[in-house]
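What follows is a set of notes on a single structure, which appears directly below.
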Amino acid sequence: MRQKVGIVGFRGYSGAELVRILARHAHLEPVLIEHRKDVEDHAARRDGLACISCTPEAVLAAGLAGVFLATPADVSMELAPWMLDAGSKVVDLSGAFRLRTPENYRRWYKEEQTQPALLAEAAYGLPEFCRESIKGARLVANPGCYPTAANLAIKPLVEAGVIDRQAGIVCDAKSGVSGAGRKPSLKTSFCEVTENFSAYSILDHRHVPEVLLTSGLEEGEFSFTAHLLPVARGILETIYFRTSVKRPEDLTEVYAKRYAGEPFVRIWDAGHVPDLHAVERTNRCDIGVKLDAATGRAVVVSAIDNLVKGAAGQAIQNMNLVLGYAETEGLL
Amino acid sequence: MRQKVGIVGFRGYSGAELVRILARHAHLEPVLIEHRKDVEDHAARRDGLACISCTPEAVLAAGLAGVFLATPADVSMELAPWMLDAGSKVVDLSGAFRLRTPENYRRWYKEEQTQPALLAEAAYGLPEFCRESIKGARLVANPGCYPTAANLAIKPLVEAGVIDRQAGIVCDAKSGVSGAGRKPSLKTSFCEVTENFSAYSILDHRHVPEVLLTSGLEEGEFSFTAHLLPVARGILETIYFRTSVKRPEDLTEVYAKRYAGEPFVRIWDAGHVPDLHAVERTNRCDIGVKLDAATGRAVVVSAIDNLVKGAAGQAIQNMNLVLGYAETEGLL
Amino acid sequence: MRQKVGIVGFRGYSGAELVRILARHAHLEPVLIEHRKDVEDHAARRDGLACISCTPEAVLAAGLAGVFLATPADVSMELAPWMLDAGSKVVDLSGAFRLRTPENYRRWYKEEQTQPALLAEAAYGLPEFCRESIKGARLVANPGCYPTAANLAIKPLVEAGVIDRQAGIVCDAKSGVSGAGRKPSLKTSFCEVTENFSAYSILDHRHVPEVLLTSGLEEGEFSFTAHLLPVARGILETIYFRTSVKRPEDLTEVYAKRYAGEPFVRIWDAGHVPDLHAVERTNRCDIGVKLDAATGRAVVVSAIDNLVKGAAGQAIQNMNLVLGYAETEGLL
Amino acid sequence: MRQKVGIVGFRGYSGAELVRILARHAHLEPVLIEHRKDVEDHAARRDGLACISCTPEAVLAAGLAGVFLATPADVSMELAPWMLDAGSKVVDLSGAFRLRTPENYRRWYKEEQTQPALLAEAAYGLPEFCRESIKGARLVANPGCYPTAANLAIKPLVEAGVIDRQAGIVCDAKSGVSGAGRKPSLKTSFCEVTENFSAYSILDHRHVPEVLLTSGLEEGEFSFTAHLLPVARGILETIYFRTSVKRPEDLTEVYAKRYAGEPFVRIWDAGHVPDLHAVERTNRCDIGVKLDAATGRAVVVSAIDNLVKGAAGQAIQNMNLVLGYAETEGLL
């Protein structure tokens, strides 16, 4: 007997990935919640799944233990309050509840955060660093895809004090096209993307504040540029900084200690780094280190699947924590 | 009546591109030089072209004004001396003659430079900075693809003194697969590259010394990582540094002044940056700038077609200079 | 002094290709005609080009010898009459004027043909078969991309009587995504197309009647299916039929005779067939033949670049004919 | 307690897929068998797996219930005899044991079949048609990827007598690059495949006899051409024939009846056809039908994942049958 969990936005790439992963989950059974039918259906993926309308009555009647909001931020702000009132825990995949204060949200999203109380209440869903607060939360703000890869790579080094913060940290990030969502646009059209590569949101991406809030870096210390890769899925970030440690093993050891026992972070041997294929369709973040000891320059490569550890997989990891299941259920 | 120029390595990607471009050249007529038939033929591209064997007699008999060596470095070191003796000017597309001293070559290429006299004699073929020495040269070392994009973006800023060199410059470089050559290997197999992205030669790529020699940066100031993009052609480099200039226009102006009249460098309006499609199959380097004035962090994006401005196009630009033709002939 | 020719729809893929090719045309100078700004601009491609508005006055004032309509069929039917009245020859790249009778148009396009007189007047722009009528025409209906590759491969065999028509001809056609135009849609989004392949318009594609009209085949004799390839450009058609000829050379000879002197059709040696790269960015149609003599089954492979011989290149070939220039001008 | 099964050729694409799928199998535990280390390792995929050498002693000591041979045909002929002697059931993924007679093998593979007794003994591993003989077999010849998609689409129609065999059946087949194996070659290099599409083995592919043997068609009735798609995985076949049935539903009904209860064949509603994404990473064959009733021309589209239903997935389906497990174990 599996508990029911709802999915709003099941036609999008993250939503479809939720459906795909939950198909093998021992304790959770997905229920599709029809909100707006604005993109064509992945017909095949709906086979045999229950589908209810997006009203408090229907959600209540369905008895959903939890709901995943794979929706734009404004829709999440509209739905989250009454989903919670209906007694469902909520894991929100949008940016609506990630930035702690309405001011910070307004600055980066150029819109109002209309649910400041929920914003204050929400737990930030990066289990490797916020596990306990997630367990007790009603509402979890699932992290952005870029910040997931960045924070898992950067925060242990900041904590260990091995980064020369004054010289600055550069994070050059590359993402597959599914990160832009399923809504058709010229920028994500096949002919514009294939055999192409482009930088965007240079130094002002709205995912930057998530890295600052979590890692503790100051804005002037952290330079971030996003790029669009001609692949469907995957994020790889190349992170540059200066350090006084003398051996690359000193850096991998910082990670090994911090992530001992963590099921979804894998540290590569010093001098080796992951590529996108290494993490494809897994919920892992893989991290590798290269150091030029003579000059104190270091490079860390961090890779995730943006639709799994960067979205649906981590959301299920969070729902597992919230509902009291094994954190890895459905994700290995 | 066109002058004859030879091409060794015409089956490789750079060699085939030389043939393609020269087909429209008003003054130069390509002659294929058969060196080693170790890769299959682009049969179609040989239509109607003369083909001679790679011997001093044949080259002498053919009366070649110039020869392009689109060959590995060891082959270039073997062929260049007698090509020059046969009276042909040589533009070499390998790394054999780029690094000025045998010691520097040995350090980065892990092999001996067996022609130190020619190494000392060779002009470095970056016309935007070395035009006069190229014009008088017998032997031109065509620059590496990565250094072409990097030096055109970095050197004007170093000359203008607007970079905080102590904080370091990061160059995160991404290249299409043709940069690895046409010889089959697992790393360049379709299934390994498609839907993938990977970093390689982190901090120790053999193209680094070309940037140091040309730009004047010190090794500890310049961090470079190469990446393999799932595209056939194109290089895009994202360059990070700190600066005290206050407006992005101050940076674009540095470029505008330095490159006034240059036919193959195009500066984008401040805040806008090129992608790979912008330079595809052109001999241009496109450069764009983004600045966060509040914190003094700047990003420059530099893009070329690795087979044109990064190889065959620039080689023809150099041959034009060496043989006294209009620098842009065949390249617009 | 070049003659001016206008381009309506210069932001689309065919329109941009017209601009690209005309940049090297000795006698024609492109003038952009702004009709509807419904897709974002290829800013870079407009550099230095004149742009006028789409009114009879502006077109008249500009003194355009010819106009290319790279527009949807309904727009072409609206613009063609007054463009002709303004004294410009028109090459239309849409399907508006290809099908001879309003009835045929209605059947396949499910819409009215509102310009039956022009429909009757228009020359069909397949120069290899309709050269003389094109030369004298005011209005040329540029052929569809699929029919161009199909007719060039099939018609000589039908004329020569070497096909067993009763057994039927199968044409399995595959096209790059640019054939669907530049307007964003889910079907042409990167994530839907990459690592995918799909059949569409099975047995009822609107390009079918062009093949029937030109080749002389009956509808029941010709089975056509279109497929979407995960590439930007290129069409390859694999054509199956039965024949009583005994040697593949008998088939290549039919082509060789028919296309002797044709600059844009290339026949491969018997047993060899072209791929997309063989014709990329050329105005050629390449054709190859394989025969199983024992059983009388033959396969012909026909390849073009859908944006060149399948659209812009052939349109310029037609404009050259209409305006009296060398047919190959700008296209070699 | 899982039973051990060995994998020879675990570094290839089919072998790696066997490892991936078996990771979730309830009853089988993969053991890697090191035969020849001629391709680089997928290091990550070996994590935690036992690896033994390829000798009778080691295989015997390991107590393998079954062995998968993901090897070239000549290696399979060498290994299969002693694997069977060591008491392991064998599922062979090569073509070595598929063609029943040495004469047929010699004709299509241009080599000797050196194990005629095993050739005669082997069961053909297409469970939907040969289930009972597979269950009792020691040695199963796993079908080729192309024939799997072709036979599942064609054989029910031949059995039902709805195909006009005299007019011939055309099967235009397209495959992803992983079908060519992991050994580097120019034909499968990224730059040669991307933005390209090509036909090969026109009318003489070695998979043809598998279709003839299974479907019962005569050689002169069946025309097959293979094509290389620029995707990593997937096969789509477009099949053309004539029929006297009058409604497309008559054809889907033939399939529905034949495949009632089959877990791995899915028939689409009449008029709809699958694409590659529909079957990606599944063990299914999806089949759709389109009919032009007026002229009696029909098209069937059949799609599989070449590495799953076309190789590793079907091999595990066969091993499940041979070892007495649920046929779908590990495959849903």
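First chain written, first letter: the chains are A, B, C and D, and each begins at residue 1.
Note that a residue touches a chain if its C-beta (ideal position, glycine included) is under 8 Å from a C-beta of that chain, and two chains touch if they have at least 3 such contacts.
What you see is a predicted model, and the numbers here were worked out from it, not measured in a lab.
S.K.: Along touching chains only, what is the step distance from chain B to chain C?
M.R.: 1
S.K.: More C-beta contacts across A-B or across A-D?
M.R.: Most contacts of the two pairs: A-B.
S.K.: Work out the mean Cα position per chain and let me know which chain is farthest from chain B.
M.R.: So the chain farthest away from chain B turns out to be D.
S.K.: Based only on mean CA positions, could you tell me how far chain A sits from chain B in angstrom?
M.R.: Whole-Å distance between the two chain centres: 39.
S.K.: Suppose each chain is reduced to the average of its Cα coordinates; what separation in Å results between chain A and chain C?
M.R.: Result: the chain centres lie 46 Å from each other.
S.K.: How many Å are there between the centre of chain A and the centre of chain D, using C-alpha atoms for each centre?
M.R.: That gives a centre separation of 38 Å.
S.K.: Which chain C residues sit where two or more other chains touch them?
M.R.: Within chain C, residues 192, 194-195, 230-232 contact more than one other chain.
S.K.: Name the graph shape formed by the protein chains and their touching pairs; answer line, ring, star, complete or other.
M.R.: Graph shape, chains as nodes and touching pairs as edges: complete.
S.K.: In the complex of these two chains, what residues of chain D are touching chain A?
M.R.: 44, 194-195, 278
S.K.: What does chain C use to touch chain A in their complex?
M.R.: Going through chain C, the ones touching chain A are 13, 39-40, 177-178, 182, 184-186, 188-195, 230-232.
S.K.: Sort out for me which residues of chain D touch chain C in the complex.
M.R.: Within the complex, chain D touches chain C at residues 167-168, 170, 172, 174, 176, 192, 194-199, 202-204, 219-220, 223, 225, 227, 229-234, 236, 238, 240, 242, 273, 275-277, 280, 290-292, 294-297, 299, 301.
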